[in-house]
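Order of writing sets the labels: A, B and C. Residues in every chain begin at 1.
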């Protein structure tokens, strides 16, 4: 007798799975919007400086001028073009965010996934370390540490922020690893005596990739906000032009007291919009990963339920 | 149709679909009737739509599930007939639990983890019996726990402090709190080990005899259903394929699928049967089914089965079942066909 | 009995406190050169430095005599006696006396603002989750814009609008300096008035985080079996939402408090600079601009202990609202 296996979906397979995931992804308007916003800033960081002059060496005669056709975002008290500054600041700002975010995420992957997978006393200690790092307030530490070091250029900033901001991600990743390590495919790999590094790299890491990406976006936002805070307190080298530094210059020139909102507005908005773009990407990822968060089209049944 | 006074529930042509790019039509034109004190068993393989049907009957479907057709009438203890499908949310809430209650398939998780067992009884009484005072509510909760064989002191326990079997009993006690006329039980014991399962089933039988509520009992254990049901519905691919009095079906099952099930399930009580499974898999409910949905797996399938869907009709002297064999004169076995792989 | 839970939490925060103290011990080693002579020379610029200050500083900075261990012992001894040396910023006031009055300002402001923000965010988040897919829910992603704003920038924006343009609220300092500090109504009224903009900044900037977390947890909890079961029992939607869905959905928000309070405190520290608020943040800023190392150290410890303490409180609260932390 013939047995009939009905395929779950015509053409279902690994490739089709990835394709349908991609299709789902592209249907999430939030994800698209987030990608567009982040993509825009990345383009500005990459090519923007080619189109605007060097704001630190080109001074115009207009001092403290409001936004105009010549100076879209107005000028500073010494006649620098704020639009050019904002564009120029994009690259270092994003660089700090991305680099610190990457390093922090890498640390959290090692500590979170490593600990979660190894278990036992190693995990206990790493979890304790993570939780302690989580409850000790980071910004005062960063402020004090960077002041004590006395060097506040790009590289030290990146490392100080990264080393103080990995804990939250590590905790999330540890939790995920603990739940994954008892899944069938991991147990099977362990039963086959595969080496640990292989299980972690081949079985665990790919499965946690979406979470790692989402944690990276958080770390990046955190790093940009942290750098802006440090800069605003005057703890960043003035040679470096970031959005945070622009805000510091504005504050130093008492721009707000003289009503020069245009000096403050662009950089802060850039930080907020870029951060929101990353958050929207996260929203999209979340919706894809947690079907439970997905919202269904309104139907009679729900209208009834929620009334 | 015997429209006698004892009718409790009548569902007519109920269909349910899970919306999506390709909707899953999980329940397809199911009709059933239940009378006071009757036990209706529903059996079928995993994924055939049993739980979906239970949710539809109790109006508990949530998006993406939508009822796409059919009516559900409920007759309350005062003899009033309610069209459940057209009820206002407020009216529906009044009927819920007081008239019909439900024990979910995942009963173990049906308890709020952060409040005590007593508080969950309390919520029910406060809502449906506002005249009861605190002491009465507490006392009633204790008696209900006692009734399902749990130490009444446990009203103060939290769900995580109870074993799986105890939680299951608490859930059953909750379902009986307002002495409903109908209890829908969706695999109330699947998560438990056989011994505990047995105890709880005996408990349910005893309580039913004592309190006289009607039961819709869902499981994939046909042997068990034969034991406890008055009538029995066998479900396949979202449809009832046989709907029969329980006491006759064991010997006289008409549908080849029922026969297959009877052969393939070990019985909870009594010895194991010959475990010849039914080869193949149930069809994907996202597609339209031409012909008889069971045909690809049926050893009796013939040409007509592949093209024409059989109706759920009674044969003389028998009960409704949906199989073309009904129309084949006894003894003349129809020509068998090789079933080719369906893509 | 929750003694075990409480004991575990206390133990953990003791370890965390010890780590903070120890980090603080090693921090001065980052200072290039000899910090003590730097500090003393700066102090000398502002007045006569009492004898023994150099020795005390050495111990405090973990640079006392002897082995690392004995240096650590001397450092702890200084801490226990709250001997943080003399502040450069307000020479020759002892650091401890400089820090003490600032604590209350920051603590009360952050505490109140966090409480308001938590209640608001959790309430709105539960509502958005309950009404998921509706217009209320569609507004949720826009709160990410608030969450991604630097606190201090939001503060600048509010000052520009409420103080400069509309002249509604004071934007500088914690109270009207012409008033006597004390428990009199004029002073308290002025303090409240001055705290509105900073508090508003904290609330606006942090409410999005609570809201989003609560919204997502509520949506997830609503599909839990016990919520479906509660609905099947005919309970009113309000009861199902509050006693079943929200009651459970709020737990992760409470247990994740540490992460959120970290954000708020960081934001507060920078933000105080905008308002010239007389709290720990402004003080830290002054310490940084004056290279006042002893004050910085004391502030780091103070802020750490305040955060640890509030986390401990919240953890104990969690023990009360989640029965699973009890032992059967």
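Everything below uses one rule, namely that a contact is a pair of C-beta atoms (placed from the backbone, for glycine too) under 8 Å apart; a residue touches a chain by one contact, two chains touch by 3 or more.
If you want to know which protein each chain is, UniProt gives these names: A, C = ABC transporter permease; B = ABC transporter ATP-binding protein.
Please read these numbers as outputs of a predicted model, since none were measured by experiment.
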### Query
If you tally contacting C-beta pairs, which pair wins, A-C or B-C?
A-C
#### Entry: Identifier of the chain whose CA centre is least distant from the whole-structure CA centre
A
### Query
Measuring from the mean C-alpha position of chain A to the mean C-alpha position of chain B, what distance in angstrom results?
49
#### Entry: Distance between chain centroids, defined by C-alpha means - chain A, chain C (Å)
23
### Query
When the C-alpha atoms of chain B and chain C are each averaged to a single point, how far apart are the two points in Å?
55
### Query
Which chain C residues sit where two or more other chains touch them?
223, 231
#### Entry: Per-residue overlap in chain A, given as positions that touch at least 2 other chains
296-297, 302, 305
### Summary
Note: chain B residues in touch with at least two other chains are 62
### Query
Where on chain B does chain C make contact in their complex?
58, 60, 62, 92-98, 101-102, 104, 106, 109-116, 123-124, 127-128, 157-158, 160-161, 171, 174
### Message
Which stretch or stretches of chain C touch chain B in the complex?
### Response
223-226, 228-236, 239, 243-244, 247-248, 251, 321-324, 326, 328
### Query
Which bits of chain A are touching chain C when the two form their complex?
30, 128, 131-132, 134-141, 143-145, 147-150, 168, 221, 225-226, 228-229, 232-235, 244, 247, 251, 256-257, 259, 261, 264, 267-268, 271-276, 278-280, 283, 286, 290, 292-293, 295-298, 302, 305-306
### Summary
The chain C residues in contact with chain A across the complex are 12-13, 15-16, 19-20, 23, 27-28, 30-32, 130-134, 137, 141, 144-154, 156-157, 159-160, 164, 216, 219-220, 223, 231, 237, 258-259, 262, 265-267, 269-270, 273-274, 284-285, 288-289, 291, 293, 296-297, 299-300, 303-304, 307-308, 311
